[in-house]
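In the two complexes below, chain A is the common chain; its partner is chain B in one and chain C in the other.
Then we have the complex of A and B:
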């Protein structure tokens, strides 16, 4: 028995993990979420601003991490739209503009058709240069952003009047999948210019960003768990429970729980097998 | 035919038959769109049935290609195979091509040619850019020259010339990053680590915050001692460094937990795509009539 488990083909583990994720998806399993102080801090940062505040939304992710970051990006946009904040979208990742466009279509065009492009929201598109872009626009936005994503001169966009640099925004809300992302926003904007920044990031990044909390980064949504908590706060505050597209984060927490239970079981089983094998070898 | 090949053949034929039946019965994998003036927007299958939306062939093909490529990539978990290799090669090729196009239209045209020849770029490709030449636009010949020198790497005899622009890139990047790290990571992190060990809020002792600060300071000091190799880790130093190891292990454990969460989320979204958009087995957003 011990030898059977010790030499078990890893593909059986893959199959188990597939079932652990697939079954909760097929049966739409959901669990309650309790928001943590970090998720509340992100929510409060947007909620406590006066209506019509200027929010910069750098969407620094791509389709590869959309599953993890898409729900929080959706929640950020709907929260800003409900608060009538002015949304300025930018991207430091080349596929970022498509992610922005998806959110604009999914949230603004479908549920907030009264919002006007150029007045209530603008997509300034992608700029190459990684942290160099942040360093430049922290003091002079127009040096790099002369047009929006469609090629319209920013001087012809009403909501761009009076925006000279990132320091003119009331808040920066970053969605980050890696480099360049939240770390660079902390290093080149939030720390040197005391710009208020909150973020949502992938699970891989989250532990690296914790040291910046709370002085340099007042709020952080870590992976799909953070998204689900923030989503709950937004949905309850604005009564969006009936719209399933605003419940994506919570929906994706079902497979998380079952898969994590499987992972823990496998780690415990692996250790038990290891120690049992050692004991057997000692007896010999 | 080996036993394994026979089993796989039977499974694939059964899957193909099941897909065929579902396509004819339910129309699974179809994508509908609505034409609104000059824009085409996604629509639900409800709209398609009501006749207010039309079937989008290109988007339907996109869903099927995405599903087949997802399965091809996932097949690597069983064993390396030609389907995985094809999907991998397509991803690499498409990504490289996408980067080339983005590099041209997001960098070279607006940031270089748009500065050197503003009138031409304004009339030819980007009417949003200003047609007026900047005062010192001639300076943009420097990055143009550096860019050309970088391409000399492709020349067998002149490849050494590429080291000059490369040295410029490495130097400027190191300079920019050094300042960022010193300010945001080194100095700010020291500043954040200097906290009161006994927290009193509004005249009341705050046990939670006090314990939190104590743990943080002990953790930072213990981890620093672990990485301090000038003194042998024996006695008191050995004990403190062992505490540091515990803190590091807990940190690695938290990082591993977060990584697992991220990877499971990625698997979940792919499976959700397969079950929802492709196979129509689930409908979490209520865009289709009940099957």
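Then we have the complex of A and C:
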């Protein structure tokens, strides 16, 4: 028996992981969320701004991390739209514009058709150069962004009037999956120019960003857990409970919980086998 | 030389960035260096592509292990590149197509007309350039004190010029120049000159009288040629076959004389291009839905019941859905609001005149018109309109006869009605409401959905005519990634699922590794395991659930609290220490690179 488990075919583990993720999805398992101070800080940063404030939304992620970051991106957009904030989308990742387009389609076009492109929101698209882009636009946005993603001259976009650099925005809300991302926004924009920044990031990034909290980064959403907490705050404030796309973070927490429990069980099982094998060897 | 130049470039760029950070006056140096960096980063994409092709071609040519994967990679790379570069499946950009207009080539040099007004170009600090949209068309004669505009000015150019300097005198000059630099009165809103597209344009069908007015403006050969080309182009006829007109007495000539309908051949035709507003007007030929009174609702239900049975639930759903529609009171409020005086911005000339007259506080807006509410007779007319078959045109003429009715109110009336669903669309909604509550037989469905089907067919025919009458101007101006393009398909159905799958597979490998490798072999490993357990539980509801029973005095032992403590008290200081160490290392390493002490990044090692 011990030998069977010690030499367990890894495909059994794959099957267990598959079931751990699939069953909660199929049965729509949901658990309550209690927002942490960091999620509340992100919510307050957007909520406490006067209606119609200018918010820069760099969406620095790709489809690979959409599972983790998509729900928080959706929640950010719906929160800004509910608050009538002006949304300026940019991307430092090549597929960022597609992620922006997805959110615009999913949230703004479907649920806020009254918002006008160029007046209430604009997609400035992708620029290569990583932190080099942040460094330039922190002092002069028009050096790099002369047109929006569709090629329209920024001078012809009403909401771009009066925007000269990132310093003209009331808040930067970054969704980050790695490099370039929140760390670069902290180092090249938020810290040198005292720009207010909040962010949402993947689970592996979160520990690396904690050192910037709270002065350089007042609020941070860590992975799907942070998204679910923030989503809860937004949904309750604006009564969006009936729309499933704004409950996606909480839905994805179901599989995460079961998968985490499986991981703990596997670690425990692995160690039990280890100790059992050691004891057997000692007896011999 | 081979190494000296890169060394100098690195040193210059690096020192410029350092100096720009500490000395505000040199901030622009840093920007220039960073922009060059961004340009090089963009070029790196091309080099990266070249490198990918070279490596995989070599692998294929050597028949190295996994060469077939290389072939797939290359095929995917080239297909995606072609789909994006050639914009396969991408429709022309709507903003660039100037729907309703036809173009004839005419460059700015060939445009024969210039317009001059008295005025001075403002003195701008730092030699600020004129807006790009007018840069080639505006000239100033400082000695004569005049400003000349070459071509016809559009509203965008006027806005750009007014924004050039926020001074009333300059803005008043721009307004005078704008009024002067326009086509003849009879052709305003019809004839345009697009200097950036090198084209003379005309909206709709150019008639002989229009042509003569344009020809009379100049006698240069390119001008005459362009006008004649436009005349020929806008005279072309486009037609489509129509299954069924919107109604029997349909006469599109009442909308515009350029559209005609042949009721025998069932052909709808138009002379010249069709504008979007004309398309929308033609498409809106079905009557707007009017509020359904209880009697009308009962009649409709009776008719439906004769065709087949309706359950109580369906009848309830019918009444509920029928109630969601506009009412006469809403329209009255809308028209009364439109009758209120309008607040409009003052022109720069008006404000300048006030300033010269000594007005101290100049208001930027003024009130135009007088308050004009609907009288009782007009309100009664609107009530009748809501309950009868009266058309919008008949209502407007009746309202005018019954009392004062301003053009703004007439426009508000049309806007209000345009926003309302048609009777056919309302019946469709009713059908869906009934279907949600129970079944409908085919006859009942036909009764409710028949008009909507006719409306769809008609709108499709109008859409086809719109496309047939349009002449594509910039076929490659569309977006490569818009929905429906080949690039979009590749992204949405290949790239997106593949990358998401790659990331999701991590969960399986991590689970397998957790079982095999995460062993408590020593004290450090035990600490790591304990921390992992707490974090894994603390990042889910399980952490809260398992330790929620602990009293408030021991709440610091709850797993979710411990998670936060670990992150704040152990992770943060540890990471800060590492980051400070890395930063110091980067600073010393950077200095070595900038001073050319460390040249390892150049490769080689000798020299």
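We take it that the second predicted complex is superposed on the first by the 284 of 284 C-alpha atoms of A that agree within 3 Å, B and C clash if a C-alpha of one lies under 4 Å from a C-alpha of the other, contacts with A are read in each partner's own complex, and residues count from 1 in each chain.
As a working rule, a contact is a pair of C-beta atoms (placed from the backbone, for glycine too) under 8 Å apart; a residue touches a chain by one contact, two chains touch by 3 or more.
Since this is a predicted model, take the numbers as computed values, not measurements.
In the superposition on chain A, contact of A:136 is made with chain C only, not with chain B.
Contacts of A:178 after superposition on the shared chain: neither chain B nor chain C is touched.
Shared-chain residue A:26: touches chain B; no touch with chain C.
Using the contact criterion defined above for the overlaid structures, shared-chain residue A:67 touches chain B and also reaches chain C. Applying the stated contact rule after C-alpha superposition, one finds that A:17 touches each of chain B and chain C.
Of the two partner chains, chain B and chain C are each touched by A:128. When both complexes are overlaid on chain A, the residue A:266 reaches chain C alone and has no touch with chain B. In the superposition on chain A, A:8 contacts chain C only, with no contact to chain B. In the superposition on chain A, A:118 makes contact with neither chain B nor chain C. Shared contact residues on chain A (touching chain B in one structure, chain C in the other): 14, 17-18, 21, 64-67, 95, 127-128, 132, 135, 150-153, 192, 203, 207-208, 211, 222-223, 225, 256, 259-260, 263.
Chain A contributes residues 8, 10, 13-14, 16-18, 21, 31-34, 36, 62-67, 95, 97-98, 101, 127-130, 132-133, 135-136, 139-140, 143-144, 150-153, 155-156, 192, 203, 207-208, 210-211, 213, 222-223, 225, 253, 256-257, 259-264, 266-267, 269-271, 274 to its touches with chain C in the complex.
Residues 11, 14, 17-18, 21-22, 25-26, 28, 64-68, 70, 94-95, 105, 109, 125-128, 131-132, 135, 146-148, 150-153, 184, 186-188, 190-192, 202-204, 206-208, 211-212, 215-216, 222-225, 244-245, 251-252, 255-256, 259-260, 263 of chain A touch chain B in their complex. Here chain B touches chain A in the complex through residues 41-42, 77-78, 98-99, 102-103, 106-107, 110, 126-130, 176-177, 180-181, 183-185, 188-189, 191-192, 251, 254-255, 258-272, 275, 281-282, 284-286, going by the rule given at the top. Contact residues on chain C toward chain A in their complex (touch as defined above): 21, 27, 30-31, 34-35, 37-38, 41-42, 44-45, 93, 95, 131-133, 156, 160, 477, 479, 481, 491, 495-497, 499-500, 502-504, 507-508, 510-512, 514-521, 529, 532-533, 536-537, 539-542, 544, 560, 564, 567-568, 571-572, 575-576, 579.
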